[in-house]
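Shared chain: chain A. Partners: chain B in the first complex, chain C in the second.
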Partner chain A sequence: MSDMTELAEPVETGHQMRDEIRSISDRSRARRQVRSRIMVVLCAIALSVTAVPLVLLLFQLFNRGLPVVLHTGFYTQLPQTPSLIAPNATGGVSNAILGTLVLTLYASVMAIPVGVLVGVYLAESDSKLAATLRVISQTMAGAPSILMGLFAFSFVVRDLHVGFSAIAGSFALAVLMLPVIVISSEIAVRGVPHTLREAGLALGAKPHKVSMKIVLPAAMTGIVTGIILAISRAIGETAPVLLVIGGGYINSWKPLDPVSALPLSIYENAKSEWPSLRTEVWGIALVLVVFVFVLSLSARIWASRKQQAR
Partner chain B sequence: MSIVIPPPPDFTTHEGGGAEFNSATPSRTWYHYVLILASIVFAAVSVGFIGTILWNALPDFEHHTGTLLGGNGWQSPAGPFGGLAMIVGTLETSVVALVIAVVIGLGTSISIVFLLPRRFRNVVATLVELLAAVPSVVYGLWGFLVLAPWMLKTVIPWLNSWPFAKELFGNPGQQDGQSLLLASIVLAVMILPTFVAISREVISVVPNDLIEASLSLGATRWQMIREVVLPTAKIGLFGATFLALARATGETVAVALIAGGVANVQYHLLYPGTSIASWIATEFGEAQGNEISALMALGVLLMLVNFGLSLISRWLVSRQRKVLAVV
Partner chain C sequence: MDQEFMAQVETKVVVPTESPQRGAAAMQLKGVAVSFHGRVAVRDCTFDVTKNRVTSLIGPSGSGKTTLLRALNRLHDLTPGAKVAGQILLEGTDIYRGDITVTELRTRVGMVFQRPNPFPTMSIYENAVSGLRFNGVKKKSILDEAAETSLKSAALWDSVQSRLKVAASNLSGGEQQRLCIARALAMDPEVLLMDEPTSALDPIATLKIEELMTELKKRVTVIIVTHNMQQAARISDDCAFLLMGEDRAGELIEFDTTEKIFNNPIDPRTLDYTLGRFG
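Right after this comes the complex of A and B.
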């Protein structure tokens, strides 16, 4: 019966229903939009929270590190252990700067040729070996760096009787860099257009000539970018070198000498009881961060510029 | 430090290269042998890497497997060497760090892809990459010399003013501020760029058709993100999470500086603890004989966890690519 009474006034009910639906939908839309606004604001807050550590860290680094790095002795002197008589005598970190350069150099000499060649092989082959190596390189690229230190200790320091030395540290760093170089070289070589390769083959060049003279030069930008990124990662690593380089207080280029490294002296100075060493540590960290930032930024800028040129 | 997952090789469009070395045509020149030789060197190094650590850990596994996995306490010269404290510490720090990093990282990725004007996207992406480039020892230094005193002076008294906080986090009193909680926070900062790099990529390849379809049906921006983008990207986001977890478990020197290096099983996060990787780093210098093989055994454990996590993550990200190929 009630249905009949409602149907008795069709026009008015239609208006009423329309208005009601409209108001419900307005309310729901308002609610949805408010919720959307809130979530968008929360996302923006998350973005700024991500930036906070970087800003704070850089501020602390420059604020506390700059006074330290402005002394020339910081770069030229050997470190000294402060004593009660001279609590502020910290010396410099020439050995650590030289050590980092030496370690990176030897590690690059070991890792770059092998890494690039393996990358080229992976890009040009689909054999069983290549498929296996691809999985291995991707797994190794994420392996904890302390494990490289354990490997270098057991193999180089102990089994080969080399002792704590620069070469053991650079071996650990080379193992760390290898998979990174392999992966980036493979991507770079795969990125070379097939038309280039086919043009070379069509002109009658042998496959290995095409690979060496056409594909490799075309992929060079990507390969070099990968190498620089691998180096900038290796420079900052503490854990692998901590176990094997011996932390020597000497300036030496020789591969069999114990050396120091910037990350290692940061680690040791930070744990030290002397306030003067804890002040100096910010300078070392600033030098290291500048090294790493310059390397990775230049790799990035160079890669994007070359890409635009193409 | 950032780990880039390359797209899986696409053999369907890649004919020239693969056929080159495997075909019957006589292309086996010296160049080919050099490439093969380099690959064998690389394979040997990788096998040697895993084999050496396993081999050196063997004495410990022969005698003390039970102690390593279940024992508490680490008596330095002679043993027993119990790994429970390190295992629990690794779990606690990396899971807390992961929760923080995923919540903040997901918001960051969404903002980078959907909220920021196109001009700023590259700048912000570069900044996130810089965050990844900072060496972990510098994070450790920052946490140890700046954050630890700040925790001690500000955060801990504030936390303790909440009800039940003392029961949950513990009340360390006057120590030097090193704690599992601080280690987790710094770890979160360190794994954030890894998570953002991958989740940003995963989110940004969600097809525009889907996004526009949902917007045209009257969805708000958030509804579009929650109902369309996140479900489509779900598998890849899990992949990013696992990779971030893998990185958190392997982080060494930062945790060694911040967590405090105390080998006790600790369920209250404000007390100092340790993790597998950082324990290896701090104890290895003075280790002799059996202790070395015990530390190597911890290394094996770390390797298994890490390799497992990164394989899972890689499998998830590649499945995400297949899902998108179907859409």
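Right after this comes the complex of A and C.
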């Protein structure tokens, strides 16, 4: 008899536990539901706090910028200084648009080959030199961008006697882009599965062929994405070019000429005493935003298209 | 450290069984041992791989099957701290010290890996001829012919013939693995190493690869690592059984014809393993 009770007891306890758990669950349900609702509301508030400034900014940008950018003269003409007779004659910003394109192009030509090669080297080597380069590029990636401008000013403009020029500005932008490209290339190359290298080696390919023909193509998606992001970061930078490009009021693609740039025009126009020039700022900003948007959109499309191909 | 390792290897070399008389040897292993940073991973491997036969390496995890296989086309060369002792002969030439470059060795001894690893940025065609391209072959007629022959040998030609320019990643897992086999075959190797080639595949794809191996051994010597004892019994002619020793280093326990290893092994541990008593 005592044996029976001993056997029956655990079963009984099991049921008691189950009932107790259920009753606790029932009692706390209402409280948990309220808590859940509060969290949803908090999330909604956080979302709107984030979204409202962005929406306002975009509204302002298009509202004020669109009327400016709808004139073809805005793209084709050089800037003019308004006068009392013609207070609205602001000309256009063709020099700044061309300047930004030229600066970005030269900077890319300087930064991309070096950046990709260094990135590949960092991924493939575990030497002391590689470790040092890695620390340097990580530090550079976090450095304030005005520093690149100062460096370009003292080194290119002054020490090399190049003067205020497109090349000095591109140099500053290239230094800014370099760590971004190095880091993203290294990550992309490291992401290539080791088994692909081994497959290449097992076919009798020499190590450099494996790097160039297998690893680099497989890492290309990541590398290109990194390059595009580096360019879109550089294109909107004001500080590095502010000190060195000279703000030229001519259309020029020549490396040694002083040029202007979209961010610089915004900075200068915003300081102007002429209301018409200050209005133009929004148009310039809109063009710049469209540039950056197109770049990052193409980076995304490129990355996802390549992802699908795998 | 090195001397110690060598001494250890030399004293421990034993031929577990008399090699049965068969055809000529494609590869000969004499007291082969592999160590990483002085830690022995596998040792005491002495056996002959006979031409045009399938030799399987079986044994539980950690017994050094894959490590041994990778030594056969010097894939350990790039691993820091890796050391291969003993002798591995390919047609009588010592592959580590003899008159053969690592590149030549790898064109003569091909490798198929555990997971299908076609080159993702290349088409089916480019994958098939990639080894030839790496070795400087540029003539289109040679490449075309090699692609067709190797894809046919890998039983893939019929299904990919019309889409050779398509990315290799569009193929199914089993097809990708057969493409990897074709890629290795395009070099016309004497020996094909296969490291658990079906472990990532479904049963039907596995069966296809197994059928393929029986066909392949007519022109190439196959050495295959497998976890699957039924597979070893089904497809291999000779069988090497490895086991992890007390010091966690793998060693060769027994080498013989597959029939003998599975039906009438000398070492009781072999019997225990093939009967599924451990492992």
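Assume the second predicted complex is superposed on the first by the 271 of 310 C-alpha atoms of A that agree within 3 Å, B and C clash if a C-alpha of one lies under 4 Å from a C-alpha of the other, contacts with A are read in each partner's own complex, and residues count from 1 in each chain.
Keep this in mind: a residue touches a chain if its C-beta (ideal position, glycine included) is under 8 Å from a C-beta of that chain, and two chains touch if they have at least 3 such contacts.
No experiment lies behind these values; they were computed from the predicted model shown.
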{"item": "Superposed partners chain B and chain C on chain A - clash or fit", "value": "fit"}
{"item": "Which of chain B and chain C A:V182 touches, first, second, both or neither", "value": "first"}
{"item": "Of chain C and chain B, partner touching more chain A residues", "value": "B"}
{"item": "First, second, both or neither for A:A51, with chain B first and chain C second", "value": "first"}
{"item": "Chain B versus chain C as contact partner of A:L201, first or second or both or neither", "value": "both"}
{"item": "Which superposed partner A:R278 touches (first chain B, second chain C, both, neither)", "value": "first"}
{"item": "First, second, both or neither for A:M220, with chain B first and chain C second", "value": "second"}
{"item": "First, second, both or neither for A:D26, with chain B first and chain C second", "value": "neither"}
{"item": "After superposition on chain A, the shortest CA separation from chain B to chain C (Å)", "value": "5"}
{"item": "Doubly contacted chain A residues - partners chain C and chain B", "value": "198, 201, 206-207"}
{"item": "Chain C-touching residues of chain A, taken from the complex the two chains share", "value": "193, 195-196, 198-207, 209, 213-214, 217-218, 220, 309-310"}
{"item": "Sites on chain A touched by chain B in the complex", "value": "29, 32-33, 35-36, 39-40, 42-47, 49-51, 53-54, 56-57, 60-61, 113-115, 117-118, 120-127, 129-130, 132-134, 136-151, 153-155, 159, 175, 178, 182-184, 186-187, 190, 194, 197-198, 201, 206-208, 211-212, 232-233, 235-239, 242-243, 263, 266-267, 270-271, 278, 281-282, 285, 288-289, 292-293, 296-297, 300"}
{"item": "Residue ranges of chain C in contact with chain A within the complex", "value": "73, 75, 78, 103-107, 110-111, 113, 115, 117, 119-122, 130-131, 133-135, 167, 169, 180, 183-184, 187"}
{"item": "Touching residues (chain side chain B, partner chain A) in the complex", "value": "1, 3-6, 9, 11, 14, 16-18, 20-22, 25, 27, 29, 31-32, 34-36, 38-39, 41-43, 45-46, 48-49, 52-53, 55-56, 103-108, 110-112, 115-116, 124, 126-131, 133-142, 144-146, 189, 192, 196, 218, 220-223, 225-226, 243, 246-247, 249-253, 256-257, 277, 280-281, 284-285, 295-296, 299, 302-303, 306-307, 310-311, 314"}
